[in-house]
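Below you'll find the structure, written out as structure tokens, and then a few comments.
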Amino acid sequence: MRLVYLIPGPMSRGPLGPGELVRRRAVLQRSAFPGTEVEVRDVPEGPASIESAYEEYLSVPATLEGLMALEREGVDGAIVGCFGDPGVDAAREVCRMPIVGPGEAAMLLAAALGHRFAIVTVLDAIVQPLRRLAWSVGVLDKLASVRAIGVPVLELYRDLDATAGRIAEVGKRTIEEDGADTVILGCMTMAFAERHRELAAGLGVPVVSPAHAALKLAEALVGAGLTHSKRAYPVPPKLARAQP
Amino acid sequence: MRLVYLIPGPMSRGPLGPGELVRRRAVLQRSAFPGTEVEVRDVPEGPASIESAYEEYLSVPATLEGLMALEREGVDGAIVGCFGDPGVDAAREVCRMPIVGPGEAAMLLAAALGHRFAIVTVLDAIVQPLRRLAWSVGVLDKLASVRAIGVPVLELYRDLDATAGRIAEVGKRTIEEDGADTVILGCMTMAFAERHRELAAGLGVPVVSPAHAALKLAEALVGAGLTHSKRAYPVPPKLARAQP
Amino acid sequence: MRLVYLIPGPMSRGPLGPGELVRRRAVLQRSAFPGTEVEVRDVPEGPASIESAYEEYLSVPATLEGLMALEREGVDGAIVGCFGDPGVDAAREVCRMPIVGPGEAAMLLAAALGHRFAIVTVLDAIVQPLRRLAWSVGVLDKLASVRAIGVPVLELYRDLDATAGRIAEVGKRTIEEDGADTVILGCMTMAFAERHRELAAGLGVPVVSPAHAALKLAEALVGAGLTHSKRAYPVPPKLARAQP
Amino acid sequence: MRLVYLIPGPMSRGPLGPGELVRRRAVLQRSAFPGTEVEVRDVPEGPASIESAYEEYLSVPATLEGLMALEREGVDGAIVGCFGDPGVDAAREVCRMPIVGPGEAAMLLAAALGHRFAIVTVLDAIVQPLRRLAWSVGVLDKLASVRAIGVPVLELYRDLDATAGRIAEVGKRTIEEDGADTVILGCMTMAFAERHRELAAGLGVPVVSPAHAALKLAEALVGAGLTHSKRAYPVPPKLARAQP
Amino acid sequence: MRLVYLIPGPMSRGPLGPGELVRRRAVLQRSAFPGTEVEVRDVPEGPASIESAYEEYLSVPATLEGLMALEREGVDGAIVGCFGDPGVDAAREVCRMPIVGPGEAAMLLAAALGHRFAIVTVLDAIVQPLRRLAWSVGVLDKLASVRAIGVPVLELYRDLDATAGRIAEVGKRTIEEDGADTVILGCMTMAFAERHRELAAGLGVPVVSPAHAALKLAEALVGAGLTHSKRAYPVPPKLARAQP
Amino acid sequence: MRLVYLIPGPMSRGPLGPGELVRRRAVLQRSAFPGTEVEVRDVPEGPASIESAYEEYLSVPATLEGLMALEREGVDGAIVGCFGDPGVDAAREVCRMPIVGPGEAAMLLAAALGHRFAIVTVLDAIVQPLRRLAWSVGVLDKLASVRAIGVPVLELYRDLDATAGRIAEVGKRTIEEDGADTVILGCMTMAFAERHRELAAGLGVPVVSPAHAALKLAEALVGAGLTHSKRAYPVPPKLARAQP
């Protein structure tokens, strides 16, 4: 199967550059099942990073364009490369192929691993958007807490050990103070640092990388021949009339 | 106080034309308290009508631009003129003045009128977005149901009596089958038909027009000197740095 | 419009005396829209202050009498002047005009300002009655916490700066420990101290005065031509038969 | 142990007369464990029957007086003889002995009998008060529905077979349409008709009489040496100061 | 009435020996109403103590056999002697007599005593099973917390004063940190230490012994002629066909 | 990776015989990713089919033995082959490898496909156990309904077209009456009939086979290097001491 991980912003023109797309592709491809081919692309316009509802909205129109183009191209499924799953609901309206949100994927896998999961993310500003996402996914009952490390997305890689240390520290609080038994990394840039295994070893609980979770959920859906319900996500009426 | 009702789409260039903006302004101004001055404007681009998550997203970027411009202009508060409250959360991040969503306003007033309210809207496609809005507003416990009349936004005025008849019929089902004791008109075009009083008389329960509800909530917030919490809706960090 | 704020106890015969009614009227009238005329009255019997379920019940019979008399007098709407909204449900059964409870009004406005609000009230004894009120209003999902300052109603004005300091301290805990982004003053005597603006400045979040919230909600309902659903609050059958 | 069933209204001066109190006492005494002595009393003033929130409130002051007098008399526990449990929360503030509400007792026993219970009551007007009671009791999750037979309290005994037939009919709908597996009789006058056993046989599910449930819960609490938490129901501060 | 308290494991062959069954019977019989005869038995196989889901499951088959035998013997009701209520749902499928689980009984009585109860139990491993039990009982809304003292069942009696001290300490935290107003002892071995009265005196809130709660609920159900709904707990179809 | 699908009953000795295990293995292997090797086994004792809580419990002890043996054998993960996920929580306590329950897997995938899913199962007796499972999984908010076709497990294959017709009919009701947009087949024997694709085509919504869902979730977890949290599912203390 052929899957595309679409970054909802112009990452290749940002500070991390096109090399980061290549690197992220390698991370995903290494984790894929035999027979899965993964590509990583970005969209030509949108915010440099997404750490507010404002930026989520700005990222959506170009991302929806991109996803519709991918479907025309014939890919088997797509992952929207931002933990907040911006526009995933709309993407399901305008596409028939499976659209996977990493936030949703990570929460669903975490739900299979324990009783209460926490999300460790970048900034306080997206705590509430992530609580709302958990409600939309249907697993709010299992959300122990969302806590932020207080580091903006674009500064996460400045000192990766410091970032990982901060995640470990905040993750520990979600376990000890909020009752979490499973931790989700709540940001894709955080996830692609690939520190989840060592964090898990340190915290003593599973740490879910939304990058791997999204890939595995996409493979699972395509592999099982499933895609989202058009009764849940009907084609927008005016679009339906325009596409005979 | 000076309030602007901003339509998140290019209505003046659509089939209803600029006259509809003038008419809607008159409806709102008539209902305003002495001392309130209401304007109605639209944004230069976006979908012709909003009846899907897809169209909600497409409407947001231009609407956020418009709201930021209104704040710079010095208006006291703004209403986002679509029942789905598209981008209201983001608007609160980028503005300090009160931003009112008609969906939220109607649900909050309805919560003061009875135990369970229903929303009668246009199409099935927005039932779930409205359920999610009710969760965000915090009143999902009081939502009896969301039902659609099966008429697209742009056809609501084709035969207004037929539309009103269909609303009455569906509203009756929300009362008798879903236990609603209050009915909300779940679409601004529906609301500006100004049939809510006769519908209320026919149904025997309050019928809340989101147009009037939004105006009254905006007046209440401005009048009480209140605006949204910046702890709930922080300024996006990169924007904050850009605005010294 | 003509609104009456009815205090559910004999305040004019208590330690604050009739001057306090005059003062409260002035506070409300100053905050009213042009065209709104506010009166403040009390009822001839009942508890000196309400800080328990016991005293809530004792206050209700005379208050219901008073409200029915006000409706016969032709006022346009009434506010029950206690944050616990004692008897508001029953008042809606026996009246057709809008009956506003300050607790309900404050919670509904707070729901429009943030994601989670806290209530700072007088004594632990009314924490649970206020949680139940939040459920009745339909916004329990947004209630971060109810905390008490441990000062009885009748001692709030003894040292107003100390009281305000105590509210600020407890309010800070609701923000930092309970996740509140908006604070409600949970007692009318607390509210009429008129310190909400300075508390808001100190806490960095909106502080909702239930006095102003109730006035604004009453104006909004009367202004929009809305009153409570008689399907939700039917006239008591024996009363209905007695009133042909 | 000595228990008193206190009717929150002047039943002995109503159409059923003092004989009804004697009859109700006999019903309860027959069902009591050896060693339990039951008395039935009423209060001197209040509504003739309780079928609205309005009448619930009117019944409370005299009932609280009565309960405080009973505690001074030395009874071991009291039952408030109305299914809506009017004033039970306040009674627990002013008394130390166990105060049992029949609504609460019936719901707690029903929770032990199945997964979802329904309440069949007299009039639509008390559906919402009973939903709120279920929330206060803590078992709202198990409430399948509240349905009314449309017969006022004072007419229930006019044609008892017709009443029982109507209850059976409505009870059947709660089972078949609402998914109830257990039915509660939601009115004490309905309960004291003593038709619950034949209704249970007809419906094929347990039918809980709140009269017997209240008696058994009162015996259980007194027998186990338990009474309500004063941390949950503190003595009203002014009352506490008055009672050294 | 004749009630049997059935221990779901071979306690008489364990370290406490058959004398413990005699002692537990004496505790229960002392607390029973006149006319109630209590027996205590155990089952021939199963785990030495139950402090995990694993051991709960291992205890169930023999316990179900035992309960079916007791019903054939003609007892009036049975209590499954483990706080986790293992197999109680299945027992209700295969028996017609009332089956009482001490966890359920304690939670239902606690719900009548306050607004929020906590469970103090032995080990962290059963926190989640007890949360699930609270959901099944229908009272999860009232569960403030489940906390463990960190002492395995078989070591509870090693130093009873130390155990009681540890319970008091953890119970205090549930009151002060979690908002509990009522405490349940969440283990039968803990309960049969008979320290609940002194713990209640120390903590200032009711402390519910599940041993006494189970006995009182069993007496209440049998006394009221009630047993579980067969619509909720139908006889397993293959078993029904085998028992003509 | 090597996965085992363990049937929690002696299916090979039942009416379907050992051939059914071979057939089920073929179904799963065909659906597996390259590199996944699936085996199907059963346990030597237990009920002939599971359609009650009673039979769920009877199946658990032998199944837990089997799973522990599989882990010692070195398999990478196991699926408990019954839709009710009997003993999965206990299995996670005693195993470190991923244990997948088909009910949980189907609900988690369904949560990714729509807003509300329904479960179509065999008999009314397991409706409540499945509602409880949905709570444990954390997705009860998305459960539209559980409905039964009224055909016991062992009769499902008697007339497969009739069975499929009955499923289609009941599935249609879950969509039209309960608001489901996704349907789950709630029984493994139903699932292995392999009619889900034609049912989906007929109903116009995704139909999730728990057989394929379980396989895909197991592959996803093993593929992502994840297993359940030992903080959520600790090793039973006595077992831990026995296994140094």
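The letters A, B, C, D, E and F name the chains in turn, as written, and every chain counts its residues from 1.
Note that in this section contacts are C-beta pairs under 8 Å (C-beta built on N, C-alpha and C of every residue); 3 or more make two chains touch, one makes a residue touch a chain.
Keep in mind that this is a model prediction, so the values were computed, not measured.
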Cα superposition of subunit C on its sequence copy subunit E - rotation in ° rounded to nearest 5: 120
Subunit C and subunit F, separation of their C-alpha mean positions in angstrom: 53
Centre distance in Å when subunit A and subunit B are each reduced to the mean of their C-alpha atoms: 31
Of all residues in subunit F, the ones touching two or more other chains: 115, 128, 135, 232-233
Contact graph of the chains (line, ring, star, complete, other): ring
Chains in cyclic order, anchored at subunit A, direction fixed by subunit B: A, B, C, D, E, F
Touching residues (chain side subunit C, partner subunit D) in the complex: 47-49, 51-58, 60-61, 64, 87, 89-90, 93-94, 123-125, 128-129, 132, 135-136, 152, 232-234, 236-239
Footprint of subunit B on subunit C - complex, ascending: 31, 33-35, 100, 104-105, 108-109, 111-116, 135, 137-142, 175, 181-182, 197, 204-206, 208-209, 212-213, 216-217, 219-221, 223-233
